[in-house]
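Each of the next two complexes has subunit A plus one more chain, namely subunit B in the first and subunit C in the second.
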Partner chain A sequence: MNNALLTVQSLATYFPVKKGIFSRATHDIRAVDQVSFSIEPGEALGLVGESGCGKSPLARTILMLENATQGNMFFEDTDLLSASPAQLRRLRRNMQVVFQDPFASLNPGMTIMELITEGLIVHGLIQRSKRAEVAATLLQEVGLDPDMGNRFPHEFSGGQRQRICIARAISTRPKLLICDEAVSALDVSVQAQIMNLLMKLRQELNLAFLFISHDLGVVSHFCDRIAVMYLGKIVEIGSAHEIMHNPRHPYTKALLDAIPKVGSDKSERLRLPGEIPSAKNPPPGCPFHPRCRFAIDSCRTTPPTLQPCERNTKHQAACHRRDDTLQ
Partner chain B sequence: MPPLLDIQNLTVTFDTDDGPVTAVNQLSLTLEQGQILGLVGESGCGKSVTAMSILRLLPQPSTRITSGKILFHGHDLLQLPTAELQDIRGSRISMIFQEPMTALSPLHRIGNQLVETLQIHRKMPRKQAWPTAAHWLKRVGLPDAEERMYAYPHQLSGGQRQRVMIAMAMMLDPAVLIADEPTTALDVTVQAQIFDLMHEMHKNNTGMLFITHDMGAIWQMCTHVAVMYATEIVETGTVQEIFSNPQHPYTRALLAAIPANTAPGNPLPAIPGAVPSPRNLPKGCHFSDRCPHAFDKCHAQHPDLYPTPCGQSRCFLSEEKT
Partner chain C sequence: MKIRLSEPAKNVARRFFRNRIARVALAILLILCISAIAAPILSPHAYDHQNLDLGPVPPQRGHWLGTDDLGRDLFTRVLYGGRVSLAVGLAATMVALGIGVTYGTISGYVGGRTDQMMMRIVDALYALPFTVFVIILMVVFGRNILLLFVAIGAVEWLTMARIVRGQVLSLKDQTYIRAARSLGFSHMRIMLRHIIPNMLGPVIVYTTLTIPRVILLESFLSFLGLGVQPPMSSWGLLIRDGARAMESYPWFLIVPGVTLCLALFALNCVGDALRDAMDPRHQLKA
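Here is the complex of A and B:
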């Protein structure tokens, strides 16, 4: 028995690739490959990595929008992959999502009031007659004018629309909020406002987060722990402080080094050579070895698994040389 | 020596269904030899419109340049006959965009597009142009460059397409490169590689106007900065000075809002409100309704640019200091 809110064990999501119209699938894209982690109630776990590394497929698998190929997922004690439709419906209100593009995720024909109370009606949590009242409270919670319920999404700016999406997501009082690049498209000044809103809601509602972003600066500000993904796998996971200040996987180091930070030394930066290989035929051994300056023979043959760094079980890296001081 | 590029009092107005909208107002910028000038600001402030004006790439006839000059080697690009401008485009002034697809033809192989550019702008015979183009693709780190000469743009990733655009710019060795958010759509490790290539062009004497919304990228890339807010320049200076001693409250607020400048988990010093639309600018200083330092005059009167220790600031507080 553990008390984690979300537990993901050896999860894999493969997408079949078809060659030609009539042929059967020839091989799979391993979008999510043997991923394990858990999130405690109220905890924020950040998920970072570059485009195509599998962040969104992982989120979509957890949200049951993609089929898991293998593995297990538990929300509290419920097994998500064998739950009945009725169980899943009840779970949905505990696990909500905010996507990057609020333009795409808001039905343009619905009023703001309808949009943000839809979930409550579907789950039978409020009566229709209470809609306007509840909507006004929700709007206020996300820092919008409570009187805007009768207006339509197109009347709002990008930042305001993201607030509307957040109001909708928190309406059912979820325990877990999955944010997939939720602040990435926003300008810095608006991004800071939305981050502040999410931090406020996190405290007030004791929300747990799976916070996905390609921006390590944003993630390290918001999250307690960070997981780094590369080619469908988690290559490093640990406290935000450890990941930012004591990264052990060469890929994490390269990622940190590539961020243009104000005030950083402009000359001494390591460059990550080459490109991310295709997930269609990942390299043997460690998936990062073709780009790694520290690769040794075992890296080319034996895939590393997540192991504690410097005997700290809370900080793990999938690197044969994680404790190598030369690295 | 005259500046490489000298924009004087540029005003750009669009005719829209709801009447004329001024997107860029009385904007002046100079790019000197050897500089990488950053133009930074939030979306909609007018950065791209400024950049597109330089090579007259804005849609006609809905765009009107109602005032200003853009001098390149002493010639006003805005007055130049189209044929002469065509000649300068690409060969003396190159431009790269956020989405390179806009500048590449989807119907032609990468190699042919590079070769044609060399034929037109460098009068190079095809036989010589093909290996030259392949050489430059290799130079910008495109894997399997020889093979990729035969690829169509859609067969490449976003980062690879941007490398092609940079190869196209580098092989012509332009006097000026205008880069409008060239890495915004790319991953940070790819961005770092593209920045290296741009630095290399700079070493080979190409002056640059680098447009971004990312203060970190400005720090990494630029020698000088101009900060734009709601259609106009609000502060200019050297990178050192703007980051260590910003004068305009908007510049200060932009820098403060970067998460790295606040301890993890603490509220970020966000700027209240939202960027005003160019249709609906506040009277007086455009930043006055969001500015923590605004006083009566700021709401009533529009500030000019006033001198600062190493640049200019459009703020009455800077006026008082002078």
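Here is the complex of A and C:
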């Protein structure tokens, strides 16, 4: 076994579409389709893609909140999909999550102290009597007033709540933190503060990240590697620098061109015509070909797989024309 | 650092007692309960002592809430009737609450096929005529007041289970439930700590609405001869008798009617205040 922290192999999550009174599944929505990647300890992998491309279902599948349809997942050496419930429960403290909506992620009936220490108590990591003390330390760690433990979530602003969510997520000292659009719901100045906090924690705790966002700017700033998702599949993966400066997949290029730049000529942008196709009924061949300006005949028939770009195995793209110069 | 939240119950109590209406309502309920329990001490008359020579008299010295047509002291009868009504109201509601919340939570939380099965059972029981059900119970187990609690509770929990299931369905997809699952909490813990406390509002409101209905249901059963038997009485029975003699002897109706209204009003206030006290968001408006 390699020394990766999280290994995902050909993972797929399908949601059955039910119809009729007898709830017969007629077909599937392929939310996550044949996704493979790995995250090394301490590494931050960014996951980008437009809405509805399957980023969140992928995160939920990794967190075992959704049942994987097929594939394999390993956390260190443990097979997540065949682990016993008890094993899984112990494992969960190593893999934590911060969700997008800080207003819905905190139980409104519990105090901040109860919220952020519940995991520690359930996993038997601290004594109940040490609760207040530990809560104060955790609050300090995420930049909140340590005396706020007795307050309730509704007394806090969005940014503060997100800090509380982060405090809860890091309370069990996980090795991997999954941020599912963790800063998207916050306004820009607060976003920057939360990103700085995550960076600080990443260094202090040697956390690995799966950082999901639709904002390439934030992701490139924070992550070592970036994976681009389209219609449930990873279409390009590589180091943040490669993806930002030498994108090989036309979809990645379009995403990058969509970032507004000062003084740029709008006509030079690569625009995407049309909508993201329905995952119920994905197009044959390359799922991106109906929107792709560079599509050739083989794109319409043969689905491309992730292949190294310019012989660089660390930069892979699922495109037949990945090594062509496309303008 | 002051720890006030390790004891959430204490907190709820503090918020509850800060509400003046809640204090008054709770006092009224307590007075009614205590006087019902202490009925033999409080009243100089026996509830079944008839005084046919006296007949129905309006409130006066010696019978300060008047007497009924058999000359029985109305105050005494209201006190004794309260024993039955309050006991049935509370006990049957507790039965309904216990079964309904457990059943509804499990059904909603587990979901899928289990949920479908459990709810079809509820539908089937709904279709069962209540009176027939009670009569069967009485015939099989004989008539006794405990059975009355069970019979009413066994019918009232159905609606409670439906309400609870609906609440659980909307709560279980909340992000904080996902967060709790990804923290590795057991299903039991998630249900007890994260789902049930957050749906108490509607449940408490429904509970306070159930108690009056149960009290009236008891009087209906007694009317059919399936509940309390004369000379024992309950508020529901007294009101029914009073309604018949309303035109000639209005105090027959007024005395138990006002008592029942007072009890129900106090119950509703207490339920309302309890719901507010359990929701920490109300703290700001206090």
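Please note the rule applied: the second predicted complex is superposed on the first by the 318 of 327 C-alpha atoms of A that agree within 3 Å, B and C clash if a C-alpha of one lies under 4 Å from a C-alpha of the other, contacts with A are read in each partner's own complex, and residues count from 1 in each chain.
In this section, a contact is a pair of C-beta atoms (placed from the backbone, for glycine too) under 8 Å apart; a residue touches a chain by one contact, two chains touch by 3 or more.
Quantities reported herein were computed from a predicted structural model and do not represent experimental measurements.
Colleague: Considering only the touch criterion stated at the top, classify A:259 as touching first (subunit B), second (subunit C), both, or neither.
Modeller: first
Colleague: Under the stated touch criterion, which partner chain does A:88 make contact with: subunit B (first), subunit C (second), both, or neither?
Modeller: second
Colleague: Considering only touches as defined above, state whether A:168 meets subunit B (first), subunit C (second), both or neither.
Modeller: The answer is second: A:168 touches subunit C but not subunit B.
Colleague: Between subunit B (first) and subunit C (second), which, if any, makes contact with A:122: first, second, both or neither?
Modeller: So A:122 only meets subunit C here.
Colleague: Counting only touches as set out at the top, which of subunit B and subunit C does A:220 meet: first, second, both, neither?
Modeller: first
Colleague: Would you sort A:272 into first (subunit B), second (subunit C), both or neither based on which partner it touches?
Modeller: first
Colleague: Residues on subunit A in contact with subunit B in one complex and with subunit C in the other?
Modeller: none
Colleague: Spell out the part of subunit B that touches subunit A in their complex, as residue ranges.
Modeller: 42-43, 143, 157, 159-160, 187-193, 195-196, 213-217, 219-221, 243, 253-255, 257-262, 264-265, 267-271, 274-275
Colleague: Taking the complex as given, what residues does subunit A use to touch subunit C?
Modeller: Going through subunit A, the ones touching subunit C are 60, 63-65, 88-93, 95-97, 99, 101, 104-111, 113-114, 118-119, 122-123, 131-132, 136, 146-147, 149-150, 152, 154-155, 165, 168, 172.
Colleague: How about subunit A: which of its residues touch subunit B in the complex?
Modeller: Going by the criterion above, the answer is residues 50-51, 157, 159-160, 187-193, 195-196, 199-200, 214, 217-218, 220-222, 240-241, 254-255, 257-264, 266, 269, 271-272, 274-275.
Colleague: Taking the complex as given, what residues does subunit C use to touch subunit A?
Modeller: Residue positions touching the partner: 1-6, 8, 174-176, 178-186, 189, 193-194, 197-198, 278-281, 283-284.
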